[in-house]
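Going in written order, the chains are labelled A, B and C, and every chain counts its residues from 1.
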Amino acid sequence: MDKYLEMIRIRFLMMLAYRTNYYTGILIYSINIGAYYFLWTAIYGGKHHMVGLSVIQMTTYVAVSWMARAFYFNNIDREMAMEIMEGKVAVELIKPYNYLGMKTMQGLGEGIFRLLFFSVPGLIIVSLLFPVKFTWNPTVWGLFGISILLSFFINTQLNLLTGITTFFFFNNSGLIRAKRVIIDLFSGLLLPISFFPGWAQNVMKYLPFQGISYIPSMIFTNGFSHQQAMNAIWQQFMWVVVLVLPIQLLWYIAKKQLIIQGG
Amino acid sequence: MNAIEVKDLRKEFKAYSSRTGLKGAFRDLLTRNYKIVPAVNDISFSVKQGEMVGYIGENGAGKSTTIKMLTGILTPTSGKIVVNGMNPHKEREKFVRTIGVVFGQRSQLWWDIAVQESFRLLKKVYKVSDAHYNDHMDHVIKTLDIEPLLDKPVRKLSLGQRMRCELAAALIHNPPLLFLDEPTIGLDVLVKLKIREFLKEINEKYNTTILLTTHDLSDIEALCERVIMLDEGKIIYDGALKSLKDQWGDRKELQFQFLENVNIEGLNQLTAEMSVKWEMDEKEQLFTAVIEDIDELISQVISKVVAAYKIKDVKINETSTEEIIRNIYEKGLV
Amino acid sequence: MLYYLSMFFQYISQYMKTRFQYRANLFVEFFSDLMSQAVNFIFILIVFGHTSLLHGWNRDEIIFIYGFFLVPFAVFSSFFNIWDFNERYIVKGELDRILTRPIHSLFQIVLERMELESLLGGLTGLVVMFYSGSRLGLEIKWYDPILFLVFVIGGALVYGGVFVLIACISFWADARTDIMPMMYNISNYGRYPVDIYNSVIRFVLTWILPFAFVGVYPAAYFLGKKEWSSYVFLTPFMGILFFTISIFVWNQGVKRYRGAGN
């Protein structure tokens, strides 16, 4: 366990070293949120409610889902693809730790860094600029905390899956990009799932994507009742468990292939 | 005309130091400590057309930085560089047509396409005519024995194969000046020999100037008459390899193997009145006496030792270049 | 100039050969491009499922702007695939190699990193434009194709200029930056009519990160929105201006290049 904690710490320090990122990142996320804020105000165009969300809730939704993205988002799929293509992964495999576990911890280290130094100050800045409404209900904050942690795991698991496919496709930059686009849309980052037509919502119930952004953001904006929130978190948790299976399976096949091909 | 002329060349880098621990890292967010480090510290030298020069020094001595300034990759902080009559950085695009560069640790070839496709592309890049190309490259390809590799993609080549192709690629436009940065790193002996032979040949044939950095001094012994030695950004020796040897290779090593058990104290006592330094390799029971290169002294030491102990084997070695250079770095050149 | 043109075609022919080695990925890349275009399209469709006008613009007009945006964007993505410039060329020191060759360094990188398959997005854009244009009953005049070409090149140069400028940050800042991927998000705002944003953002999108010249402004011309015409014809000039500045900054930056492994 120690070495995984150490990994989190190292990543954390690495992120601190990349200072330029830190300064510009907040600015760019704020602009991003701002643009969506204006887009949504234009979409509401004087209406007070749309699909059960008020303009203010919508603004909060946008702000929170982008700031949460800073936490769960990472590039470990691309990093894995690089390591695999350059043959570095063979070296990683002989090190005394679980490669996938280590990658997850790297992602978590990065995520925690961005949460503290990026999302929190970013959210404060955004709330000064735009009409964002925070709840002061500690239960909501608690549920939100659990929910974004789970969304980190779901997103990371999907990244690991995409990363592993490099073993089979060799060059999979296209797949990585496709995955990102799908997640942006179907996770509810761009617009809440409830805005989708009914049939699409039904399909998405059976997919893990809404656990990444829609669920935590809806919890935060009070768009869910307490019972809905509990159900949603349970659903996220189930996905985390279910996704372990394909990852382990693909990883097992991939390692076998690595041994045969010699990396 | 000199191929390379360098005067008071200097390159400084800002070296950031990070504070320790998490708290330090946070402070680094706001302000960072740095100091200015001269990687190359006011050096001057010149190289004549057709010379083969070894540029040596320990890691971080400033070798690569110098080469990168000479090839126009880096801009010097101050000083004057004229290479092939041009300022490398100012007239970069025109200048690089007159040089060939091989970085041992970095590929010049395109990873995914066949070697000959890379050659073809480079031929166009350097505007080499078909006639020139055929005339010159046929020979290069034959000498380096890379004919069978030409239709393979670079990523499928072994290091030795790749290195030979890199060398050929750097010579497509038959440049009068060739920079080689660690060209033999990680190569096996046969490939090394082939590359050396080839370099000698093009030097003779085209009077090509070659500047070579390497960790492997045998490269330099085989190729270069002149060495420039660098330490902490300064030139500490510039001259013939031979005179370096004459000046510093003034020692001999006498290596003994005995039939009986011998300890080093005994040997020290035996030769107490002579200036002999004994060294011992415990595993193989090898005892080495390092002494000055005086015939009289050598025979004295040998006769004393032979008289005292039963001997299995004796060898007399000259100090190797490697040792000379290690000595210089350790003790400094007086 | 002729030399540069011939190098361009040399690299393209090499590029084709490499690409056909990884046919499977080529297919996935086409697919992922189409996907990302579809995502934005779906976004617009869903939004207009809940409203009929966006600040006075109707659904087909918004779709038309999006269709137009795709064309210069496709040109840009084909030739300015430099989002990983820092990683690839600065951190790994590939710029060393570039700088030992007798072609302008930026041009070499453009040639090396070309992704011509992205041009397909331009085709999608044209389809989208014709679809929404015909629903809006737009007429094509004889000079429209010429203006279209000028606007597309102008827009692609705006994009190219901005992203080259961002890549140049790597010459000055010693740390890795992730600004590039984030900037792609911002660049999307040119796709919507800028009058929905407040004056600060509108100013930014017009003069500082002039992404509005890649989408709304030129598209407004074809939609017959007269009130925008002063901006419309600035498009090629903004493109040339930004691109020239970026090349100038690039040339300064190369002088500051430190090389890798120091």
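Simple rule for what comes next: a residue touches a chain if its C-beta (ideal position, glycine included) is under 8 Å from a C-beta of that chain, and two chains touch if they have at least 3 such contacts.
Note that the coordinates shown come from a computational prediction; the quantities given were computed from them, not determined experimentally.
**Student:** Could you find the chain whose CA centre sits the greatest distance from that of chain B?
**Tutor:** Computed centres place A farthest from chain B.
**Student:** Between A-C and B-C, which chain pair shares more contacting C-beta pairs?
**Tutor:** Result of the comparison of A-C and B-C: A-C.
**Student:** What whole-Å value do you get for the distance between chain B and chain C if each is reduced to the mean of its CA atoms?
**Tutor:** Computed value for the inter-centroid distance: 46 Å.
**Student:** Rounded to a whole Å, what is the gap between the Cα centroids of chain A and chain C?
**Tutor:** 26
**Student:** Where in chain A do residues touch at least two different other chains?
**Tutor:** 17, 19 - these are the residues of chain A that touch more than one other chain.
**Student:** Taking the complex as given, what residues does chain B use to touch chain C?
**Tutor:** Per the stated touch rule, the residues are 13-14, 16, 39, 64-65, 68, 71-75, 89, 92-94, 96-97, 99, 101, 103, 106-108, 110, 112-113, 117, 121, 124-127.
**Student:** Okay, in this complex, where on chain C does chain B touch?
**Tutor:** 3, 6-7, 10-11, 14, 17-18, 21, 93-97, 99-104, 174, 255-259, 261-262
**Student:** Which residues, counting only chain C, touch chain A once they are in their complex?
**Tutor:** Residues of chain C touching chain A: 22, 24-32, 35-36, 39, 42-43, 46-47, 49-51, 53-55, 169, 173, 175-179, 182-183, 185-186, 189, 192, 196-198, 201, 204.
**Student:** Can you tell me which positions in chain A touch chain C when the two form their complex?
**Tutor:** Spelled out, the residues of chain A in touch with chain C are 17-21, 24-25, 28-29, 31-32, 34-35, 38-39, 41-45, 47, 50-51, 169-175, 177-178, 181-182, 184-185, 190-191, 195-197.
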